[in-house]
Every structure is written in C-alpha cells, then in structure tokens.
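Which chain is which? They are A, B and C, in the order written, and residues in each are numbered from 1.
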C-alpha cells in the first residue's frame, strides 16, 4: 500500500499535472492526454487515501453547487461523495424550489449561488444543443464575476452529463480499462465495440456512447460503432472520433450489426440510446412549447425501437468476442430482471456484475480528481504532503 | 462535569464495548444487554461533550445516507444531528428524484450510493413484512460490495423505524427511564403500561409499541399491554416480549382496558396504532396495485377507531397509577390542542411536556452512539482521548 | 491586505462588539448603531478571510436549520454559504416533507429540530402579521428549552425576510453604501429615494422597502418614499422611519411620483411591492380558508398595477438625480429582458449590473457576521486569533 501510493505520486510528478489548474471539466477532448492520465493517477491516489483513511481535504469550507436538470441517483451521490472528500458541502440548485422558474437569467443566478462556491456540477443532457451551451454560460458568468472582484474565488464547472459528452463517466470507464489491461498504454491496438442495444424505454441520452468514442479513440484503440439505421450519434462527435483514432494509430469503423461489431472485440459497451433525430425533434417541440405532441413522439420512437429487440447482448453475442470485457454505465435494462427484453441478458450481466460495480465506483474519485486538479496547483505535492502528514501523525 | 465524564468513560471501559463493532443497528433484541448499556453510556458521554463543546468527530469526511420511505421531521433531524456530530455529511436518497422509480434494483442502488458512505439510516415502516426485509437487503448488498473490494469501507445500517422495531426511539426511551429511576438496574420490578390510545388519524405504525415491549421486557420490568380487541401487535414480538420478561424476572400481561393496565403502574406509554390486520390488508392492497381501495380501508378503520374514543390518557386514568411517568414518542394527538379528542388530555401532556422533550432529545445521541459503536473499535478509548485532547488544548 | 485586516479588527475592538452576544437577529431597529457598525466590520473581515483562504470556522460541528416559507434562491444560498463558512451544516425544514402539515405545533417542532442546532434561519414574508410573530415563537421556544436543559446550546434565530423587515438584505445594502461613499459616517446628509416601481407580477413583499427606510433613516440620510396612492407601507414602519430620521439629523418625506423622489438623489432604490391592503386581504383570505378567492384578488391587483406602468426607472428618471447609485435587492424585473415593461430599463440595469452583484455578494457575509456576533463573545479577539493562527502556519 505505502509503496503503491509513493509510486502513484511519483508518476503524477513526472506527468505535468499543472495543466488543468484553474480549468473547467466539460469535454474530455479539450484536455491533453497527459492531463487525462494525471486525472486517473489522482483518482487512484484518492481511492487509496480513502481506503487507508488518509484525509484528502483540500478545503476548510466552501460550497459545491449541484444542478440536475435530469433525474439522477448515481451521479448525484458520486458528486456529493467527491465534494465531501475534498471538504466541500453540496447544495442543490433545484429549479422547482427557486425563483429560476420565474424568468431569472441563468447568468445572474450562476453568480448569486457562487459567492462561496468552489465547484459547480451540472447535469443537463435532455436537449440537443442546450446542455453544453448552458455550462459554457455558467462558466463564463462566474469567470467574469471573479474578474470583477464579485466572487472571492472562481468556482470550476464540472460536466455531470451534457448533450455532447459525459466526461466523468467515460473517464471512470477509461480508468477501469487501464486497470483491466494493466495500463493506458496497454489499450493500444485493442478492439472496442460500442453498440446500440434494445431498451423498452425511450429517450436515453446520446452522451455516453459519444463520450466513449470521443475518449477511447485517443488511446490507439480500434473503435467499432454499431447501431440500427437512423440511430446515429452527433455527426461532429463521430467525425472527431474518426480523426482521433487515425492520429493515435487506431481506427474507427461503423458496423451494421452488434454481431459484426463484436467479432474478436476485447471490450464491448452495448447500450441503448435515442435516435439523434428524435432527440432533435423533442428539443424542437419543447422549445416551441408543443409539449402536447411529446407523447406521440414517444410512442413513435418506442414503436421504432421495437423493430430492434434482437440487438441484445447475450451469451451468443459475447461468444463472438475475444473473451471481451463487458461495460455499461448502469443502470442496465436486464432481460427478465428489470424488463422483459432489454440491453443485456441476465446471464451476461451477472457474470460482470462485480467488475461493473467497480467501474461505477471509479466515478466519485474521477470527479474529486477533476476538482482537485482545477483547484490545487501541484496535485502531486499536495497528495504527497497529505500522505506524509498522516503518517507522521500515526507514528 | 469533569468527574461525570470520567465516570461515564470508566463505566464504558468496564462494559465490553467492542461487541457492536462492525455491526448494523436493526433490532434491539439482536444486541446483548451489555451492548445496550454501553450505547446509553456513549450517548450520555456525547451529550456531555456537546454541552462542553468538546469535539466528538470520528470522521474527517464521509457520507451518511438517509432514506425516508415515510414522512419524518424529528427522526430526520435526529439522524442529521447525530451524523453531523461525528463528522459525516448527510445526503438523502429521495426516490422521487432518483432513478429508483424506474425499476432499479434496491441491491444495486445500495452499492451505488455507498462509495463513500459510512452509515445508512432507513425509515421504512408502512408495510408489514417489508421494512426490516429491505434493511437486511441493503446491509447484505453493502457487506458483499465491501468484501469484493468495491467499497473502501462498509457503511453500517441503522434502522430509523421499520415494520417491526423502532430501536433508536426505544433506546432513547430506555435512556430516559434509566435517568428518571437512577439506573438501568433500578428498572427491575417496575411496572410499565403500554396501552393503545384513541387517535382521529389512521395507520400509525406498530413499531413503537413493539419496540418498547421488545426492549423493556429485558430489564426485569412488569409489562402490561392493553388495547381494544382487534388491535394486537405482531404475534412474534408479543411472544418474544413474554419470553424475555420471564427470563429477566419481570412479566408480560395482556389487559383489556387502559384502566386495568394503568393500575399502580410506574410508567405509562399510551399511544395509538393501527390494527395489525389493517396494516396487513393495506400492504396487500398496495402490493397488488389495488390502491383505489385504500380509501375504503381508511374509512373502515377510522370508523372502527371511533368506537374507542374513551381510550384516552387523562387526569383520571393517571390517578390510577403509582404517580407514573408519562411517555410518548411525539408528536402526540392532544385533546383540544391538535385534535378534538386524542391520545392524551392537554392537562396531562402539559405536565410532562418538559420531560417528554428531554426524552426526545436523547434520540440524536443514541443514533450517534450506535454509529460510533459500529465504527470505532474501542469507544471508551476514543472518547477518553477526545476528552483529554480537548482539555490539553484549553490549558 | 494584511494591513486592511489589522485595521478592521482594531476598529472592531474599539466598537463594543459584545452587544449582540446571545441575541437573535430579527429587526435592525432592535440593534444599536454600534452593533450594526460592528456587524459590517465583521462581514468585511470575513470577506477578506475568504479571499485570503483564512479559515473562519467557529464550530467543529452543529446544524443550521433553514425554513423557507416562500421561494428563494439567493437567500437560500446566502444562508448556506454563511453557515458553511462558520462550520455549520445546513438542514432544511421543509414542511412538505415533514409532519408539520399534520398539525404539529410550531413550538414543539422548533425544539425537536434544535437538539444540535446553532442557528435557525427563517423566511416567512407572505402574510402580514405572521412572519415576525412566528420567528418570535420559535426564538421563545428554543430559549425555554435551553433554560430547561433540553437543549445543550441555544440556537440563535436569524430573520431571512419577514412581513416587517429583511434585515440581512438591508444590512448588505448598508454595507454597499458605506463602501460606495467611503464610510457609514459619509451617509449623513445624503439623499436616498425609495420608490415603488411597476412590475407585471403580483404580491411582492413589503419588507425590502420597509427594511430600507427602517435602517437608512438612522444614519442621517434624507429618505424620500414615493409610491402611487394605495401602495403605502406598514404605518408603524413609516412612523419609525420618520422618527429615526429626525433623531439622526436626516429627514423622511413622502413624494407623489418617482420623478419627485429622484430629484438630486444620491441613491435610488426603485422596486415593486404589493399594496399593504392587498397583502392584508390575502392574509385574511388564507386565514379564513377562502383560497378560492385568491385568483380574483390577484387579477384585481394586477389590473391596479397596470395603471402605473410609467413608474419605471429609466435613463430619463436617472438624469434627474445627482448621478445616483442605483440599488436593487435582485432579481429585478428588467424591461425587455425579463418582462415587457418592468421596474427598470435594460440600459440602467446593465450600467449598474456589476455593483449590484457586489451588493448581493455582501449578504452571505452579513448573515455569517450576525451568527458569529451572536455566538462568539468577543468577535474581534476571535478574528484576530484566527488571523494570527493562519499566518503562523504559513510561515
């Protein structure tokens, strides 16, 4: 344990970890590979600290503001855990309880909630073209307010899922892959199938598959994306994934079936999502106030989904792979468990349940690492000092 | 003050207090009498610490998760206070806001909210056969996840009221009795009447009277349980109370009226509850999705209640007792104050208002003691060190 | 910075700051001018501490209870920030989730939530004659419970807006004025226009203008209050403002138009509020259970408002002033931004946006100062010790 910690902190010192200082955490592709590697090292160190009960408190006081514009249990608790670990107290900006509903501008509200905030975590994933834009507005508002001397410190903004990316999820997944294969370098040349899968529910965000292809394509992996016709992802993100894969020595291929994508794959990520065009239509209806037509859209979309119930990850599809690791961001639609027919058979899910939980368990540490890297100039020195202080006390 | 603290900590050292280490706090009868006595000593010590502003922080960081499947003000604030005293930050698992409503399994959710949790407090008292079962599922899920290395520490589960027991309430009551009569030993031979009382409201849980007879019967008390025909408690708990009373040198008697139960009683606990059979019927209706029939059941039950408005604790019934101490878990239905006719007359309630508030005030300290005893291997040593550290600083 | 801090703490030492020790913070006119000056010094010191990341923690543990009987974003986050800065953990008493709705008395609830509470912040501004009364009840209940030994410490009550005053707002405004004009003394002889302004919304509380005239009239200012006929404030508060203005060498004048009030004014505070008589009528309807008639009242009131759309703060009205500072408690109804026609033109608002945000940013520090002054016997000594401790550590 002691050795592991020292090695991690040394590895962190060698990678320039100051790169993220003062920055927000919005899209993984805005970060250098070195920054991403450093975040994973910090997350691992914090996990070790927690296990050994070494205090990792960065702040004596301060708020972390969360704003969930979509339901959430896991991400909500992950953010709360991460902030708590660093010494921040989470307060939720719940639009139902606040005056936001009465036309207050997002920009003003962002400042008004930030007088003692160090971090703002936002989930806004329901409407195409809106979530990421909103996060940029908030980040800009608090940046200006700090520059004007209105805020005594600038809160960093962390994307807890937007319409484009889900960076704390994809980074938790990357951390899981690095642990499974031994290192980030070991991902080079591995094949990963990101496949649409059937779900009896409607309107799942696109940001998880987009986040995965937008991140994993940078580490020399061969990414295969498969989905039924009409279920494409944001064209910009697909294009970016292809370019990044090229540049990193990997590849990006579209496949017509889950079976084709799974052939000899080392990792599979079968997951449902809504068609991009349906999400756009929904956004349009909501923007225009035609919420009465949302029901009809949902019905049409579910009917379309029902043509593809055979897109299910089962023992048979898994048999096509190179003994692949199964990933999912959870909760999964498990056939015969949480629904009649879903994304994955109970048998496959149960086989990977423990590693899936471990994958999910990375997320609070990734969030904490993102905040720490933004707020502490030299994370390696900070962690090293905390580690030494703890050990001196124990002696 | 200083002397009192030292004595308490000494008493704690003599009782083996390591017994509860690593355990959950679900039903009082799963705990040895020594453990229960130790919990009361710890609670008293923490109360003294708070008064003298001696820090009692066990954790540098960490979450406490609360889940209230029934309304609550008092228990909610008691749990929040207890966790705060020990250094934990409370986050509520609110099913309305989360994905649980969408069929996520309880087992998976329990793990997902626990990545940095040290304690999970649950209130689930509405349906017979369900609350305690749910708590066991949660406890088992986090035990497994800790064993698998998914969680860095195992959160302990504390029952904040289930269908069977309300252990933090009954222990707060026991602490109150021990203070009133001078010691736990002094309870031996005392007579306690636990009586049903009329209320114009419907569906009050059975767990308070069950918790009381299940706990007080272990301390040599003569327990008398009285209720109208059809208002019996869970047969298992009544049987257990009778056996425990026998074993401890007390007794357990069923009485047909409040008046009979109150004769020469030293303590009275008159309180309304729903008939066991009504609670079962309600559970069945909800399980089968027949929620449309719940209104009819409530009406039938209120009509049945109305036959027993004379089951009220008044100056006259109190006169039958041996100058008894009046107990109630609060809030009470007070005749002429919170309702026309209720569980207790305003005169009796007002006479005992201050001691009742003191009784209620024990609860946060009992909850804190339960968490501390589960998380700290040697509570006496911990408290002693905290006490000395504080006094060194002040000098 | 170091010099500024030392000067502030010295200034604090010279003013007797022990005056507020143990007190609640309900109405500014219950406080001496020396206490108010000390609160502003403490607030400034805390702002400096936060900027320099000097810990200002008063409490090792403890709850702050918030109760919002009206919507709130800003005040909610201000209170949360203030409590967090001092080391308290905020828990909200949400009547929707609690048993209060079931007839529990306010007095009992106040005690039940306070077993480890150090501060209780209440917003209760909707009904004339109720909010301040409720706060007094809560304060009295916890005072009694502390005296009886039920509570180990007495929580102080802070008014986060009642039917009479909004003291944390008016004090934040006073702090802003003192900074703008150089000192509290510099306010003497300045002219301040507090004017009604048009809003398309209904039922805005009167407590902001009342709080302003009730506070600023004590510092030798010439206060002009203007509003359409029928929009008067509470007569008691107007009378108090006139008397205080006389005593402090200022004046208090009623004007018939915004234009008249603005003539050569040094400060303007144009803001909408509901007519006092409408607020009374609403209170009567709610008290009598005639909530069905509330819609008609709102319609009547909005129609009445619509006669006064020309009560708007514009470039033209501002041109009448002595280059006045524009104040608003936010959020403002900005013409063409948050509504068609509102309290202020977009041009005027935008010119003052940065100072307005700075004004709002004082509020969390004022709240923290009020709690600190109530809980710490010698705030100057406390702040001085915290400052020295931090500097010793850094060396």
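Here are a few things to note about the model shown:
Rule of thumb we're sticking to: contacts are C-beta pairs under 8 Å (C-beta built on N, C-alpha and C of every residue); 3 or more make two chains touch, one makes a residue touch a chain.
Owing to the predicted nature of the structure, the values given are computational and were not obtained by experimental measurement.
Under the touch definition stated at the top, chain A and chain B share these contacting partners: C. The two sequence copies chain B and chain C touch through a face in which the numbers common to both fall below half of the numbers used overall.
A separation of 41 Å divides the Cα centre of chain B from that of chain C. Of all residues in chain C, those that touch two or more other chains are 89. Of all the residues in chain C, the ones that touch chain B in their complex are 60-63, 65, 89, 91, 93, 97-100, 102-105, 108-109, 111-113, 115-117, 145, 148-153. The part of chain A that touches chain B in the complex is made up of residues 47, 50-51, 53, 55-57, 68, 71-74, 76-78, 80-81, 84-87, 89-90, 201, 330-331, 337-339, 354, 357-358, 360-361, 363-364.
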